[in-house]
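Look at the two complexes coming up: chain A is in both, with chain B in one and chain C in the other.
Here is the complex of A and B:
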C-alpha cells in the first residue's frame, strides 16, 4: 500500500510546473462553487423563491449573523471572507469522501496557503479600520516588552491553523484507508460518517477562528 | 545497518510515546470542557447556541494539540529525515 501523507502525487507536468492531484481537486471545487454561486445569485436577483435562492439567502444571513455576534457589528467584508473559507474548506473536505478523490485540504500546501491568507488579512483589516498607527500601537500595549510575544502569537496561530486542518482531514482519510486495507468493504462506513462531521466542523472552526482574529484586529482601538 | 535499526526502533518507540501522552492530555482537557459546557447549559438553557459554538471551538483548539502529536508521530514514522534512504 502506498502512503501519500506529506507528499502530493504528481499527475503531469506543464513545463517546469508539476500539476498535483491537490491542485486539480481544489480547482474543480472552486469551479463548482463559483458556478453554484452564479446560479444562486441570478435566482435571488430574479426574485423567485425556490430552493436554491432560499438556500443562498440562508447562508448569507447566517454568516452575517455569525460575524455580528463575534465582531459586534455587521461587516459584509468579514462575512464574505468567513463564508468563502467555510464553503471552500467544506467543499474540499466533502469532495474527499468521493471514491478515489484525495481531499485538497489533506495536503499541507493547501492548508498553509489558507492560513497565510488569514495571516495577511489580519493586519490589512486592522489598518483598514484603525489606521496604520492605530493598528501598530496595539503591539506595544500593555507594555512594549510584550511586543515579541504579540509577534510570536500571530506566527504560532498561523502554524496551528494550518496543521490543525491538515491533521484532522489527513488523519480521517488515513484511518479510512487503513480500515479498507485491513478489514475491507463497509467496515469503514462509521468512520466515513465521522469524517463528514469532522470535515464540516473543521471548516466551521477555520471560518470562526479567522473571523475572531480579523475581528480582534479591527477592534484594537476600542479597548 | 545497525545504526539504521537503532534509529528505526527509536522512531517507532518515540512515535508511540508521543501519541500516548498527546492523547492523554487532550482527553483530560476535552472532558473538562465538556463537563463545564454541560454545567453552563443546565444553568442557562437560553444561551444554548452561544455555549455550543464556544464549546465546539474550544474542543477543536484543545484537540489540535493531539493532532499536532499525531503529525509529529507520522513524521517520525514516514518522513523521518534520519531514515531518508528507506522512505519511498
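Here is the complex of A and C:
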C-alpha cells in the first residue's frame, strides 16, 4: 500500500493542468451529492413521503434551525453553505472508507481551499449584512490598536480549521492503512469505525465553526 | 502548474459549484416544501382553532342549555313536590274526615248498641224484678192483701167520683159482697152500670177501667208498675253520666 501524506498523486494531465487523485475523488463525491440531492429534492417536490424525502426534510430543517440558533435569525444562504460544508466533508470522509480511495479531506489542499472559502465568506457576509464601514469598524473595537490581533485571529482560525480537518482525516486514514498493511483486513475494523465517527464529527465541527464565524461577522453591528 | 495549487483551486471551485447545485436542486425545493407544509399546518391550525372556538361556543351553549334544563327540572320537581304535598294534605284531610265520620258513626253505633243492650238489660232486670215482686206478692197473697188492694182501688175511685162511667171491674180472685159493695160505693153513680169480670193472671186485687183512667190494684198491675218504674229508673240513671261514673268508680 502506498501512503501519500502531503503530496497528491497526479493521475493524468489535461494539457498543463494536472488531474490529481484528490480532484477525482472530490469530483465524484460532488457528482454523487448533486445527484442524490436532486433525487431527494424531486421526491420532496413530488410530495412523496419516503425515506429519502424525510431525510432531506430533516437535513434541511436541522441546518436551518442550527443556523437560526447561532446567528439569531433565519439565514438560508448561510445554512446552505454550512450544510454543503458538512455534506461535502462527510461525503469525502465516508468515501475514504472505501478501499483504495484517498479521502479528499486528507489533502491539505482541499482543507485549505475550504478554510479559505470560509475566510472570504466571513467578510462578505459581514459587509452584506452590516455594510462596508459597519463591518470594517469592528476591527477597531474596542481599541484600534487591536486591529492586527483581529486580523491575526481570523488568519489563525482559518489555518486552524484547515489543519484540524486535514490532521484528523489524514491521521485516521494513515492509521487504518498501517493496520491493514501490518495486521490484515479485520484488525483495523474498530479503527475504521472510529475513523468514520471522527470524519462525521469533523464535518460537523467544520460546519459549525464556519457558521459561527459567518454569523459573528453578520452580527458585529448588533454588539 | 503545481498539483497542489491546481487541487486547491479545483477544490474551491468544486465546493462553490456543489453549493450552488445543492442550493438549486436540493435546498430550494426542500425549503419550498417545508414552507408549504408550514403554510398548510398554519392553515390547518387556524381551521382547527376556528373549529375549536366553535366547539367551545357549542360547549358553552350546551352547558347553558344544560344549566337551564337543570333549573327547569329543579323547578318542575319543586312544583311537583308542592302539588304532591297539597294532594297528600288533601288526601290526609279527607282521610281524617272519613275517619272522624267513621269514628263518630262507630261511637254512635256503639252508643246505640250500648243503649240497646242497656235497655234490654234494664228490661230483663226489671222483668226479673217484677217477676220477683209478683212471686213475692203471690206468696203474700191472702185475704188481707186482696182486701188491701180492693181498698186501694176504692180510694182511687173515690178521688175521681164523677164521670167514671162506664166502669169495668176485672178480678181473678173472687170478690166478697163487702168488697163489691165497697167498689160500687166508691164508683158512685157509675156503679149502676159497672160490670164485673173474672180474668186470669191478675192475682190478688182488682183492675178497674173507667172513663177517666185505669186503676190497677192487682198484684199483676203492681208487678207491671214495678217493672216500668224500675226500667224508667234505670234508664234515667243510665242517661246521667255522673251516676254512671259513680257506679264505675264504685
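Assume the second predicted complex is superposed on the first by the 221 of 223 C-alpha atoms of A that agree within 3 Å, B and C clash if a C-alpha of one lies under 4 Å from a C-alpha of the other, contacts with A are read in each partner's own complex, and residues count from 1 in each chain.
One rule holds in what follows: a contact is a pair of C-beta atoms (placed from the backbone, for glycine too) under 8 Å apart; a residue touches a chain by one contact, two chains touch by 3 or more.
Just so it is clear, the model here is predicted, and its values are computed rather than measured.
When both complexes are overlaid on chain A, chain B and chain C end up sitting side by side without clashing. With both structures placed on the common chain, the touch criterion links A:139 to neither chain B nor chain C.
Touched residues of chain A were counted for both chain B and chain C, and C has more of them. Look at A:204: by the touch rule set out above, it reaches chain B but stays clear of chain C.
Residue contacts after overlaying the shared chain place A:128 against neither chain B nor chain C.
By the touch criterion stated above, A:61 is placed in contact with chain C alone, chain B being left untouched. Once chain A of one complex is fitted onto chain A of the other, the partner contacts of A:163 are limited to chain B, with no touch recorded for chain C. Think of it this way: put the two complexes on top of each other by chain A, and the tightest Cα contact between chain B and chain C is 15 Å. Residues of chain B that touch chain A in their complex: 50, 53, 56-57, 60, 63-64, 67-68, 70-71, 74-75, 78-79, 88. Put simply, chain A touches chain C in their complex at residues 7-8, 10, 16-18, 20, 22-23, 26-27, 30, 33-34, 37-38, 40-42, 44-45, 47, 56-57, 59-61, 64, 76, 79-81, 83-85, 87-88, 104, 107-110, 112-114, 116-117.
Of all the residues in chain C, the ones that touch chain A in their complex are 1-12, 14-19, 21-23, 25-34. Looking at the complex, you find that chain A touches chain B at residues 2-3, 5-6, 69, 160, 163-164, 166-168, 171, 201-202, 204-205, 208-209.
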